[in-house]
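Read from first to last, the chains carry the letters A, B, C and D; within each, the first residue is number 1.
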Amino acid sequence: MNTHSTASLPGPGRLEAFSDGVLAIVITLLVLELKTPHLVAPDDAREALTVLVALGPKFLSYLLSFLFVAVFWINHHRFFRLVQQVDTGLLWLNILLLLALSFVPFPTSMIGEYPNNAVVLALFALVLMTAGLAFNLMWRHARSRQLYHAGVSPALVARATVRGLVGPALYALAAVLAFVLPPAAWVLFSVIPLFYALQRQGSTVE
Amino acid sequence: MNTHSTASLPGPGRLEAFSDGVLAIVITLLVLELKTPHLVAPDDAREALTVLVALGPKFLSYLLSFLFVAVFWINHHRFFRLVQQVDTGLLWLNILLLLALSFVPFPTSMIGEYPNNAVVLALFALVLMTAGLAFNLMWRHARSRQLYHAGVSPALVARATVRGLVGPALYALAAVLAFVLPPAAWVLFSVIPLFYALQRQGSTVE
Amino acid sequence: MNTHSTASLPGPGRLEAFSDGVLAIVITLLVLELKTPHLVAPDDAREALTVLVALGPKFLSYLLSFLFVAVFWINHHRFFRLVQQVDTGLLWLNILLLLALSFVPFPTSMIGEYPNNAVVLALFALVLMTAGLAFNLMWRHARSRQLYHAGVSPALVARATVRGLVGPALYALAAVLAFVLPPAAWVLFSVIPLFYALQRQGSTVE
Amino acid sequence: MNTHSTASLPGPGRLEAFSDGVLAIVITLLVLELKTPHLVAPDDAREALTVLVALGPKFLSYLLSFLFVAVFWINHHRFFRLVQQVDTGLLWLNILLLLALSFVPFPTSMIGEYPNNAVVLALFALVLMTAGLAFNLMWRHARSRQLYHAGVSPALVARATVRGLVGPALYALAAVLAFVLPPAAWVLFSVIPLFYALQRQGSTVE
C-alpha cells in the first residue's frame, strides 16, 4: 500500500485512522454513562423535570468531555498534517494519548455522580492533564526526531509546544483547586476546552 | 495527503469520515438501551411473549431513533457532496450536530421507559429538533460563506434550507403536543423521519 | 470526490464503509451482553468454574451471533464487489439489513439467558431470518434494476438469489422447532452460519 | 474498486480495515467494564481515595488488556504489510483472532473483580493465548500458501513464526501458575505485552 521502507511501523495514515476510530468511539460511548433515571410515577411530568434537573452535573460532565475529545480530534489532525514519518517513539506516545482519552468516560461518570468530591475532581483533572501532556510530548518528540514535513516552520512548532503546556498546567491547577474550592475546578474544566479550541495550533503552514 | 493550503482544518473527507464513524456507533449503540427483561419462569413461552409485548414502546423508540439517525446519515452525505471547503464555523456546527446525535440514546431510552410522560417526550423532541437545527445552520453557513462546489445551484440550496426547517418545526410542535396529547407526539415522531427520508435534499446537482 | 452524477445517493463505497462500521461495532458489542458473574467466595476456583460452566448458553449464543455477523460481513462484501450503482431502493434495503443486524445483540442476550424458552428462541430465529431476507431482497433488487457490473454473470446472480433463501427458510424452520423441541432450534442456529460460510456466493466473476 | 480477479474474498485492505475497526472498538469498550463505584458519603474525599485504591486490580487489568490489544494492532499491521493476497484460510484465521480479541473485555472484567481466583486468571490467560495462537497460525498459513509479497525474506517469516510462539507459551505457563501462585500469573500478564511490543516482528523487509 505504501512503500516498504517503513514496513516495521504503521504509517501516519493508519495511525491517524486508528486514532480517529478510537476518538469517534470514546466520544459516542460517553452517553452510555447517562443511565435512565427511575421515576416513582412514570407519567408525572413534574417528577421527570425534577429528576432531569438533578442530573445537571452528569449532563455538564458529558458536555465537557465531549468537547474535550472533539477538540483533541481537531488538534490531533492538525498535528498529523505536519508529520511526514512515524517512528516507534511517536507511535507509543500516541498510544499513551489514546489510553488517556479512552479512559475519560470513567472519570466523566465519576464527576457527574460526585460533583463536589475533591479526589474525584482531581482524578478527572489528572486524566485530562495526562492526555494533554502525552500530546505535548508528541509535538516535542516529532521536533527532536525531525519527523515533520520539510515545509513546516520551526517557529510554528515552537509556539505549539509552548502553548500545549498551558492546558496541562491549568488541569494541574484544577486538581489543586478541587481540594480548596470544587466549583473553581468546574470553571477551569469548562474554560480549558475553549482555550484549546481557540489556540489554532498549526493554523499556518508555510 | 491533501494540499497544505487548508492545513489548519480537517478537510471535508476527514470530517465526513469522523461523522460517519460517530453515526455508525450511535446507530449501533441504541440496542444497548434494550436490557434483557426478567422472566419469573425462564421456560414459560407465554410469559416471554407478555414481557416482549410490554417492551413495545422500547422497541418503537429504538426503531424511530434508528431511522432518524439513518436518515441523517444519508442527508449528511448528500450535503457534503455539495461542499468543497470546510471552515471553522462549519466544523463547529458539525460538532454541534454530532453532539445532538450522540446524545440521542439517552432520550430514546427515556421515552421507551416513560412513553406517556410529557417532559420526557418533550426532551426527545428537543434533542431531535436541535440536531435538525444544527444541520440547517450548516446549510445556511455553507451558503453565506460560499463553501459549496461551483456547480451547485443556488435554487437547490435555497429549497434545502427552507425544507430543512420543516423537521425542527414539527419537532417543536411535538414538544408542545406532548403536554396535551402524548400519543400525538408519538405520531409526529414516526412521521418526521419519513418526511426527511422522502425530501431528497440535493437530489439534483446541475 | 466522485462524479456528481449520482450526487443524490451515497456511492457503493460509502455505503459499504458505513455498513462495515456498523458490522464491526455489532460484532464487538456482543461481548457487553456477557456480564461479570457474581461469586460468593471471590477466591474459590471451584465456584468460578461452576459459574462459568453455567454461563455455557451465553457463551454459545455469543459465538453463534459472532459467526453469523462475520459471515454476513464476508457475503456483504462479495455482493458489493458485484454492484456498480446504488439506487434508493438498494440503500433502504441495506438500512433494513443493518437494522436487523444491529438488533442481534438483544435476542442473543435473551437466548443466552432463557435457552429453553420457545418464544425467545423464535425471536432470535426471526431476527436472523429478517436479516437473511433483507439481504436476499438486495440481490433481487440489484438484479431487477440492473445495478450489477456489466461482467457479472446472470447465472451467478440467479444461483445466489436462490441459495440466499435457504438460510431464511431454515431460520423459519428453527422458529417453528423452538415450540416443539428447543434443542433442535439450537442445532439449526449452529448449522446455518456454516452453510452461509460455505456457500461461496459470488465466488466466480466472469 | 480492485480488480475482479479475487472477487470472492475481501482484499487485504478491507480485511485490515475491518480488523482495525474491531480492535479500535475493543480497546475503547474496555473502559465500560469500569463501573462508577458507590460512595456512602458523596463528598468525602478520603472515602473516594479508598474506593479508587481498592479498584487497583480493575485499573491494572484495564491497562494490561489495553496494551495487549494495542500491541496486537501494531503487529497485525506489520503482518499485513507483508501479505499480498488473502485466501479463505487466512480470512477465517483472522476471524478467529478477532473472536478471541473481541472476547477480551469479559475475562478482563473477571480478573479485575476476582484477582486471586485461579480459574478466572487461567481463563484470561487462555483467551490471550488463543489470540496469540490464531495470529501465529496466520503467519504459518501465509507461509505455506505463499501469500507474502515476493520481497519478503523467508528468514524474517521463519523468525516471526518461532517468536510468535513465545507469547502463547508464556500465557500457557501463566494459566498453570494461576493455580500455584496467582501473583506470578499477574507478573507474566504484565511482562508478555512488553515482550510482544519489543519483538519487532517484520521490522526489516528486504
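Criterion: contacts are C-beta pairs under 8 Å (C-beta built on N, C-alpha and C of every residue); 3 or more make two chains touch, one makes a residue touch a chain.
All of these numbers come straight from a predicted model, not from anything done at the bench.
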For chain A and chain D, which third chains touch each of them? none
Looking at Cα centroids only, farthest away from chain A lies chain C
Count the residue numbers both chain B and chain C use at their shared interface, divide by all numbers used there, and answer same if that is over half, different if under half. different
Once the Cα atoms of chain C and chain D are superposed, what angle does the rotation have, between 0 and 180 degrees and to the nearest 5? 90
Could you work out how far the Cα centre of chain B sits from that of chain C, in whole Å? 25
Where chain B and chain D are represented by their mean Cα positions, the distance between them in whole Å: 35
For chain B, residue numbers touching 2 or more other chains are 21, 25, 29, 32
Specify the contact topology among the chains shown, as one of line, ring, star, complete or other. ring
Run through the chains and report each pair that touches. A-B, A-D, B-C, C-D
Report the residues of chain C in contact with chain B in the complex, numbered from low to high. 1, 4, 7-10, 14, 17-18, 21-22, 25-26, 29, 32-33, 91, 95, 98-99, 102-106, 109-110, 113-114, 116-120, 123, 179
Please output the residues of chain C touching chain D within their complex, sorted ascending. 13, 20-21, 23-25, 27-32, 34, 36, 39, 42-46, 48-49, 52, 62-63, 66, 70, 73-74, 77-78, 81-82, 149, 151, 197, 200, 202-205
